[in-house]
Amino acid sequence: MTTTTFPRALVLRVRPWLGIAAIAAASISTYMSLLWAPPDAMQGDVYRIMYVHVPSAWLAYLAFIVVFLASVGWLWTRQRWFDAVAVASAEIGVLFTALALVAGSIWAKPTWGVWWTWEPRLVTTAVMFVMYVGYLLLRNLSTDFVRRASRAAVLGIVLVVDVPVVHLSVLWMNSLHQLPTVLRASGGPSLDSSMLATLLVSVAAFTLIYAYLLAARVGIELRRHERIGALRDG
Amino acid sequence: MIRRLGLVAGRELLAERRQPDGLVAAVTFIALLVLLESLVVGPVSARQPAVAGALFWIALAFAAILAATRSFDRELEDDALDAIIALPGGRDALFAGKVLALTAVLAIVGAVGGVLSLVLLDLEVALAGHLLLVTALGVLALPTVVVLDVVLALRLRARAALVPILALPVLIPQLVAATQGSASALSGDATGSLGWSALLLAFAFVYAVLGFTIVPAAIE
Amino acid sequence: MDVGATLRGVTAILDDRVVLREVDLSVGPGLCLLRGPNGAGKTTVLRAIAGLIPLAAGSREIHGDLLALGHRPQLLRGLSAIENLTFLQRFRGVRDAPAVGPALAAWGLGVDLARPVEALSAGQRRRVALARLDTEPCAVTLLDEPFAELDDSAARMLRQAIDRTLEAGRSLLVATHGHPELDLRASAVMRIENGRVVA
Amino acid sequence: MIRRLGLVAGRELLAERRQPDGLVAAVTFIALLVLLESLVVGPVSARQPAVAGALFWIALAFAAILAATRSFDRELEDDALDAIIALPGGRDALFAGKVLALTAVLAIVGAVGGVLSLVLLDLEVALAGHLLLVTALGVLALPTVVVLDVVLALRLRARAALVPILALPVLIPQLVAATQGSASALSGDATGSLGWSALLLAFAFVYAVLGFTIVPAAIE
Amino acid sequence: MDVGATLRGVTAILDDRVVLREVDLSVGPGLCLLRGPNGAGKTTVLRAIAGLIPLAAGSREIHGDLLALGHRPQLLRGLSAIENLTFLQRFRGVRDAPAVGPALAAWGLGVDLARPVEALSAGQRRRVALARLDTEPCAVTLLDEPFAELDDSAARMLRQAIDRTLEAGRSLLVATHGHPELDLRASAVMRIENGRVVA
């Protein structure tokens, strides 16, 4: 497939550097979030789980938006590597969503006293998780490539509508969950500056990790495409 | 385009009249669900506006899935679907027409089911107009998503399973909105019901636009 | 050539099985026969031309409008023969198209028209499907084993319908077993064996 | 006879494994129904033993109807059914085998759905053993009636509608019994749950006898 | 006669339409052909003998076991060809019945056996159904248009299978259009026209 060779070469070139950068950033943010950042006034050290919880939630958003863009790309250009990006990003997004859920409920136990409650953001997040599991399910069930790619693309575009729903759910229904403290429409972040710095660093680290995983997974997918290509030729 | 859309919808509804699988199935489904619930839950809890509303909308969602699946099953027998898809502009008209027809069916189902729940659970309605509005908008909000997911699952294994898995999560916001909306209409909270109606309208609009632009690409 | 259909280097994959391999095929005006053993890929070729299956590689090109009849009658159960054919004809929106009722009658289906198609016999359903040759005249027509289940008189009608189509200068691609009499009419005979055009 | 019955059931379950339409559909159906309910009704009322039980059993009944319909739909494609009916002893084996297979499917669905409801609504169970007993008997009580009605509606128009109309009224006693039984098991009323279990057993027995004696005559 | 099938004064009504009128018909050992135009009632006769439709009047009688193949392949989707045929064979519980695998291979289906039947081509499905002639040898066998969708080599196999059946002294009732070569083998040819046996 001529369409796959270009991005594949690119992927192979950037992947190692992304790996190194990700490891470096991860270690820095680990240091900052565990030692450098001050304990929280009310919650003490428990709050530090925020440095995992929040970035993974946001990266899940990012991943699903990437799925959306790649899906549009496929329907528009029919270039196979768009589909590779879509599936890769979807899988990573599901991973990060799960991480946000787990970290969240670990955090919920000490602060709210329960692992889980029926609360808008929690529920919408869980729903988002189910949705993209459904997306992956659809991919696994459809057999031949073109059909799978097109159907998945349509779903990838439809599902992205839920991301803002998750983000805004806390505003629509009165919520137990933390209201937006960083990503706020009005005014700047309302958060201790050093905590904010740490949060931003860990977000950066998670972003690099996402980028690395994406590159790796896309590489695998493109290799699979070429195998099908080979099968077709011989 | 509009003409073809109308043709598909008309054909669909004619087939429904001949073999009212989807429609009657949906109506009985919703009626029985409401009836059973009120029977086993006991009138007391079933008559809480929230519970009644939730019940009605969940039943309606499943009814929609049921009807849409039946209608595409019918198309697959003897490959009737292929005849349409092979026609110029067939894919777009097929999707739009099915959505239109399903909306019509759901309107009937909703009407019947709604009246039934009101009667069976004898709820008193504080704001009839608002309730009507919410119901209408809810009926508008469901079909696009459902037909869309049925199309995506078409000819796949376990589609009977896939469709609800795909559709219901996407529908949850609409269902919650519809439930809250009708609950507040029942209990007389005008602003609440209007707010939820607006949300429903927004959802209906978004998914309609999305569906009509991208779905035809996925139909084979 | 401005009438006809073309497949260029078409590869089709169904359930991860390569069913067609780089098929090049072009249908000009006149009758083109598609022959080959069971499972060769005839039906898949026709579906590829009709755009009913996604192409893993290659491209299809159709000049003019297309009518594709398959193994199955493609009629919606619950509706009558007339309702089915009228819908399809209206959908194309062709001006002054031949009326459906007479066309069906000409195929020997005068009496059964009110009944839903599932209450017809196999051969009667096939006749209804074939009546589309008259009610939806198209530049390109694809037929997949149109003789199956037809009795002798219906087979004769089909041959006449084919002749009519050819006289009108349209292109016709027919996949069938047997029926050597068609070879005389054919301007091209293509043979397919497991997914490849061999002649 | 037993051998043939086993063969039919085996074939059915094999087909289910290959294309888990019925099973997965039923599981997702019940899971989603429970999830949605607890979502929209709100945990408070959804956690009342009666409500939770009712919910579960209604969902299970519909799941059974869904699975049975799917399984016969599959048989009707390409007339696969005719091959069995034309065989000597085919009708009896078909009915019994389908019932057996459906029971197996329902057992899985019930287990999954039950665990799900317990977890999602975190209900605490007073008498686990009794709950298990009631559930098992409930699972035994449903399939015969459902398959029976699917067979009666076979090849009729609007069967998708007919089956629930026929089945659910007949099932209401069993559903009430099962609901009450599990409710009392949840809330720790041993005698109550046992009494209801006995009732369930009786129903299961009666319909089984009826079904196996009269139904085969009705199959074509 | 202790081998064969008999219909006595059979009237069949489908959807309030009288489809068969006082049909008397008996199939002795050897090949009996059922001919007639589309919609005459051939399929209905076969289904009546197989007990697949209720008789409004009259009676049916079968001596020995029966195998009835219809227009459609009667295979359960999702299962493979082997699984389908093995089930049907086991169900009959005949001792030392011929193995399914080789029988299918003999019908030229060596490779495709693992796949679910819906992934087979029309002709391949027909071949699978016909393989039951070998895996379920019965005293009485009914075939409804068995040649449809078969390529020439498969048609030859079918003629050979028919000959085998006849040599084994079993009764065979075949409804088909065309295929005059069968008339030579036939010990009786029955002609049906709208629901009545005319010859």
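Observations on the model:
Which chain is which? They are A, B, C, D and E, in the order written, and residues in each are numbered from 1.
Simple rule for what comes next: a contact is a pair of C-beta atoms (placed from the backbone, for glycine too) under 8 Å apart; a residue touches a chain by one contact, two chains touch by 3 or more.
This is a predicted model, so every value here is computed, not measured.
Under the contact definition stated at the top, no chain borders both chain C and chain E. For chain C, the chain whose average C-alpha position is most distant is A.
Among the chains in view, B has its Cα centre nearest the centre of the complete protein Cα set. Here B-C and A-C are compared, and the pair linked by more C-beta contacts is B-C.
If each chain is reduced to the centroid of its CA atoms, chain B and chain E end up 45 Å from each other. Work out the mean CA point of chain A and of chain B, and you get 32 Å between them.
Taking the mean of the C-alpha atoms as each chain's centre, chain A and chain D sit 40 Å apart. Note on chain placement: the centre of chain B and the centre of chain D lie 26 Å apart, centres being C-alpha means. Residues of chain B in contact with two or more other chains: 18-19, 157-158, 165, 172, 220.
Those residues of chain E in touch with two or more other chains are numbered 71, 78. Residues of chain A in contact with two or more other chains: 147, 150. Interface of chain D with chain B (complex): residues 18-25, 27-29, 32-33, 36-37, 39-42, 45, 48, 50-51, 53-54, 57-58, 61-62, 66, 70, 73, 157-161, 164-165, 168, 172, 175-176, 179.
Residues of chain D touching chain E in their complex: 3-4, 7-8, 11, 14-15, 18-19, 74-75, 77-80, 82-88, 90, 93, 220. Chain E meets chain D in the complex at residues 50-54, 65-68, 70-79, 83, 87-88, 90-93, 116-117, 125. Residues 143-147, 150, 228, 231-232 of chain A are the ones touching chain C in the complex. Contact residues on chain E toward chain C in their complex (touch as defined above): 14-15, 17, 36-39, 43, 71, 108, 112, 115, 119-124, 126-127, 145, 148-155, 177-178.
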